[in-house]
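So, here come the structures, one by one.
Look for chain A in each of the two complexes below; its partner is chain B in the first and chain C in the second.
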Partner chain A sequence: MRGFELVHPASLGEAIKLLDTDDPTVRPFSGGTALMLMMKAGVFQPSRLVDLGGIEPEHAAVEATGDGGLKLGAMATLAQVERSADVMRVAPVIPRAMKRLANVRVRNVARIGGNLAHGDPHMDLPPVLSSLGGEVAVTGPAGERRIAIESLFSGYYETVLSQGELIRQVILPPQRGWASAYMKCTTRSADDWPALGVAVSLKLTDGAVQDSRIMVSAATEKLTRLAAAEAALEGAQPGEAAFARAADAAATEAETIDDARGSAEYKTELLRVYVKRALAEAVRNGAVQ
Partner chain B sequence: MDDTSRQIRFTLNGRPVTARVESHLDLVDLLRRFDLFGARESCGQGLCGCCTVLVDGVAVSGCLTLAQLVDGRSVTTVESLDEGGALSPVQQAFIDEGAFQCGFCTPGFVMMTHELLKENPDPDEAAIRDYLAGNLCRCAAYPEIIRAVQTAATRMKTAQAA
Partner chain C sequence: MNVMRPMPAGQVGRSVPRLEAREKVTGRADYVHNLVVPGMLYTKVFRSTVPHGRIVSIDTSAAEAVEGVYRVVTGEDIRKVVPEPYYGPAFHDQPVLALDKVRHVGEPVAVVLAEDPYVAAEAVQLITAEYEELEPVFDEVEAVTSRAVVHEVLKPAGTFPDLKHLVGRRDTNVALDYQLRRGDVDAAFAAADRVFEHEFRTQQTMHTPLEPMVSLAIPGHESLTIHTASQSPSFVRIEIARLLGWPENRVRVVVPHLGGGFGAKLYIKLEALVACLALLVRRPVKLSLTMEEQFYTISKHASTFRIRSSVKDGKITGRRCEVFWNGGAYADIGPRVTQKSGFTAPGPYDIDNVSIDSYALYTNRPPAGALRGFGIPQLVWAYESHTDLIARELEIDPVEFRRNNILREGREQATGTAMKDAAIEAVLEDIVARMDWSKPFDRGTGPLRRGRGIAIGFKASISPTTSVAIVNVYGDGSSSLYLSTVDMGQGSDTAMAQIVGETLGIETENVKVIHPDTDVTPYDMATLGSRSTFHMGNAVKLAAQHARDQLDALARSLGLPPGTNYGPKDLFKKKYGMQAGNIVGVGSYIPDYKSPDPATGLSDNVTPFWMIGGTGVEIEVDTETGHVRILRMVNAVDCGRPLNPKIVETQLSGAALMQLGFTLFENMEYDNGQVTNASFADYKIPGIHDLPARIENDIVEAEQKSGPYGAKGVGESATFGVSPAIANAIHDAVGVRLTEMPLTPEAVFRAIRAQKG
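What follows is the complex of A and B.
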């Protein structure tokens, strides 16, 4: 690594001012676990890092909302989210996914906002949080806006955030009545980045699928919502036949990509299998009360 | 590049210290300047746990921590564990169970085991495997390591009860 300027703003406004430049080598630094890898590998050489540690307390709260949703401050660590009783009650799929997300030390340090803003398609939380209907509140020089997490990513390691914008909070809508699951497949070693991640969320009414959100990550260039798979489920009785139809639709619509973890064809077959498994798992997990 | 170094103050194993550190220095390299070699860089990616240290009481990978960011904080390394003159119960259990061959990963495993037993004094094998999933032992002493954690847990509970 080479030297850079490391600055320590005391407020969100000050951080945004320090980031508001056309220079792409000026970046925010929250937990830093992902950025440090890029810096050590020489893939990214910052001229200035804006340390967000000083604005942490105000933006690290994790709490249930009165309507049965959740608000996660962007500076909350993954460990904090994993251990929150509110998160366990409202969205138990999140702590379940955390068990196999990196390791204890990384979860102690990595922040939920940075995890999303990094734009890495192999991360576990973008599919999970988007399957729950999550949005991010983003603050920048031009003010605040809301972005659905399913629309946050524009490409491989690319987001729709502009330079100077920071994710301030993750907002999850009420989860009552929704059953969710996340499954990933690691093809090289158990702790490798996934070849495939599938997150599903189902709303069951009177024994039929009233609504669903099905997300794929890692096997595709960016997080992708599988609309045809969702359409195949609409109104169906949950069970093997409906899940197989949704899995076939998913395999047809997803644009999987080749990489060291498997060919596109292989990942398409993984997707077919894992969509079925994840849907069955969501039903087994049951709806949030 | 201009000089990016900066004077920092922090608490190292209970003692206040100062150091002049460059922006890109990581915590493992900073500790070496204090002749502390227990935290080692192995994978350099936060995967293997060899560089485990505590910052303000929280286990982190030293290799992913910028040294300047420990300014004002408290850093605890494996070297603190026997400061009273005796090995910690976890260190002793690792020796008694032969939970290493080359020993390179051992400080990280010992530090993480202390954290695990602080959070969960009576972990079952699945909990031990989950918690230590981010520590790699290339000699594959895993069965002995799990036994060492169980032995340390038992002895610490007995000591607590006494």
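What follows is the complex of A and C.
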């Protein structure tokens, strides 16, 4: 019977060395909640798993930065992020989203890095973190680089990470003055994978929308930033009329896809409704002080 | 009984906590999944990838070459143990492993046996098969006339007189054509004020017991023991003995706890396969399915129901029902669903002229069988949607319209059997009262619109069936109950022990229930169709009475006066001079029954009892997205006198929530016969967040006079009304009618859009 090798490096550097091969059956393993399902279903058969559990503890740190932003170590569990006082203060939209992300058992083991690296467009954190302007610090054999989360995904279950590259940290810029919301919509059971996820962030200055980030996930092949919707909002007074214009722009520009959760056509209509609702909710939530 | 009892009666009607609860929550309960025996081989099944085809060749060589593989077995090998390896409760149509043809994707074609389950799993992936593909048929209505024929010849099992006329019938997918004729429907239609006709459809769904099917067979000296998660141990023994040509006493079937059944674990599932394999290799053989494989093993019938009714002066005067049941590739118990549920297709209404045609169809989907309600939820979905539509058209309040037409006590149901102990009106009125139906109702604002709906249904108990029970009183006065009813989570152990407790005057908690073991426990037809409380309950009561009578006789023979304060323990001691001996009480029960006339479907005694259930809901529809939220759900049933009110309540909420999943989103989706969502990641069942905001479960005041202590079955009754109540409420809220399940947000959204034009 074919087995596989499970290795436990003690440092990030060592992990990168162990991953430095062209062989796609050599993969990092953080919480394992996504990987094990793929292995059980037979869609992924590893030759070597590199367990990141033993690398330097700093990679699991969750902390506020001096300028009003956040740093989330890739090995931080979702539960750790959910319960962090710093996260609650700087980006309350994250703990709110966590409440409906999987369940307590999964959140206790799944890691931020694994959630982003998996490339599944149904995940909740990619839209949330990208709407907050988040970036990932990525380390690999060729050194370190930064990638905006909105550009991390290249397709359905695909990322721009190359073999051997590891997400080390998530960096969120200062959130002062930004109001955010995340809404997901399921069409079967309440705990189903979403048919649609919409994350919005607005910067309101003198009663007008100065800047915005609007992200759609799940209904599209990959996480997508809705530039036309954002343009429709620029300089507008927040309110029903402006939100409806943004929603229509979103519905026109997003390339939704068919699946068991709904037709592309229906998801476009859901998107139109949910962009409006998410914008209104962001305003209700108010800007981070 | 004259012998004084240590405590007064009062065991029945008490919410005794479930006897096995502690064992289960502390992880001590035994399940077949945990059973390992020395020398055991694990099995992994190689399954068909085509929906319909002739097997050209099977290549097992690569699998056989894998280190650790003990043996690879195909259908032809099975013939060495059983020359005619076809099984089934109604038709002998299902091969142990595919022979000549495959009839659905996922059909077992070959198996790998290995000491290590992972070796078996890996080797099975190396098996290949070549098929000459045949045209498949998937839809139940198309199957009636399709060129594709699933079984060339029909092979009814011969045990059912009403299937005799089907013997040898060729080139048809109609496995059973049941009919009922009462009065003159055409005349009623001709004389009516209005005639209404609709078609309703339901989708195929799955039972999803959290414990997937599992069986383990151990060969012995001219004998075989099968440990299996089965709802029908007696049937398994009889059918395996028939296949092997052995007497029943050489086959032993043992059933511990089950992790849910819901009808999935009835008749033969894995037992014939492990039995043949164990005899072939002379070693214990175990097969544990994965959740994914269950989707290819058994399911709930998809259906199409065409219903046409005539109304005159607000009364339904005639009804024609045509029901098509999608039975999949093997009949399983489908023909029974077609007939035993089919005759209630006109609903709980007093209609003089009725015509029913109910067809069991073979198709190239995974087989369909019994699932909590035995076809009734599919029927109620149609007739209660239809009832509401008629009321709307006639501008009569839907409750009022039901009152005008309801089938009252003493009136004849379509078969000609008079309704007895059937609280249909009480169930309807209970829901109406709870929902304050006559009061104004908040219809919502903005995009959120509210509506409410009611639906009621009924079911006849499958008949005639037998149950036998044994009560053994030991030398110290303690006692055990031996029965083959399977407690798969419904609480039957507790309820049956309560009957013993009540009859013998002892505490329920002190009655030990011996789980099914056909070497030890007596015959029972099966744990299905809510039949156990009534049938086995009566047998248990008779067995306990028999024991009690013998204790009385013992007391008399010892010269003790009536009303003696000698307990059973003292009687034994007095008789034997020491703690010794025992008294065995036996009870056997079969109700009276008259089988329906084959031509008309009529009988004046078609069932020993009726189950009644209804549901009312208040819902909110998000008109912008089509989402439906259940604000309130009221379920009411007639279950006679509840033996254990708490267990009844959990049966009601469990049944209603299960049906809620089938109503709103559960759906086996297909791509050319392949189930594309065969896993819990993609086939969603209700979770805690899908519960109605408020749920009320009511037991109406009633008594089943022929039942044990006035009780009857209740495991399915709360499924009946759920689907049409919700569809009726959606119609009430937003003015659109859905006629096909599931009622997904997208379906609601599209209907709203279509209505707006």
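Note that the second predicted complex is superposed on the first by the 286 of 289 C-alpha atoms of A that agree within 3 Å, B and C clash if a C-alpha of one lies under 4 Å from a C-alpha of the other, contacts with A are read in each partner's own complex, and residues count from 1 in each chain.
Methods note: a contact is a pair of C-beta atoms (placed from the backbone, for glycine too) under 8 Å apart; a residue touches a chain by one contact, two chains touch by 3 or more.
Keep in mind that what you see is a predicted model, and the values were worked out from it rather than measured.
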item: Partner chain in contact with A:D191 - chain B first, chain C second, else both or neither; value: both
item: Which superposed partner A:R284 touches (first chain B, second chain C, both, neither); value: neither
item: Touched partner set for A:D51, first chain B, second chain C, both or neither; value: first
item: Partner chain in contact with A:G32 - chain B first, chain C second, else both or neither; value: first
item: Chain B versus chain C, judged by how many residues of chain A each one touches; value: B
item: Partner chain in contact with A:L6 - chain B first, chain C second, else both or neither; value: first
item: Chain B versus chain C as contact partner of A:V106, first or second or both or neither; value: first
item: Set intersection of chain A contacts, chain C complex versus chain B complex; value: 1-2, 37, 190-191
item: In the complex with chain C, residue positions of chain A that touch it; value: 1-2, 37, 41-42, 185, 187-193, 260, 262-263, 266, 269-270, 273
item: Interface residues, chain A side, partner chain B - complex; value: 1-6, 29, 32-33, 36-37, 39-40, 49, 51, 53, 99, 102-106, 108-109, 190-191
item: Residue numbers on chain B that touch chain A, as the complex places them; value: 1-6, 22-24, 26, 44-47, 49, 52, 58-61, 63-66, 68-69, 112, 115, 130-131, 133-135
item: List of chain C residues in touch with chain A within their complex; value: 66-68, 116, 118-119, 122, 125, 624-625, 661, 664-666, 669, 676-677, 679, 681-682, 684-687, 689-690, 744-746, 749-750
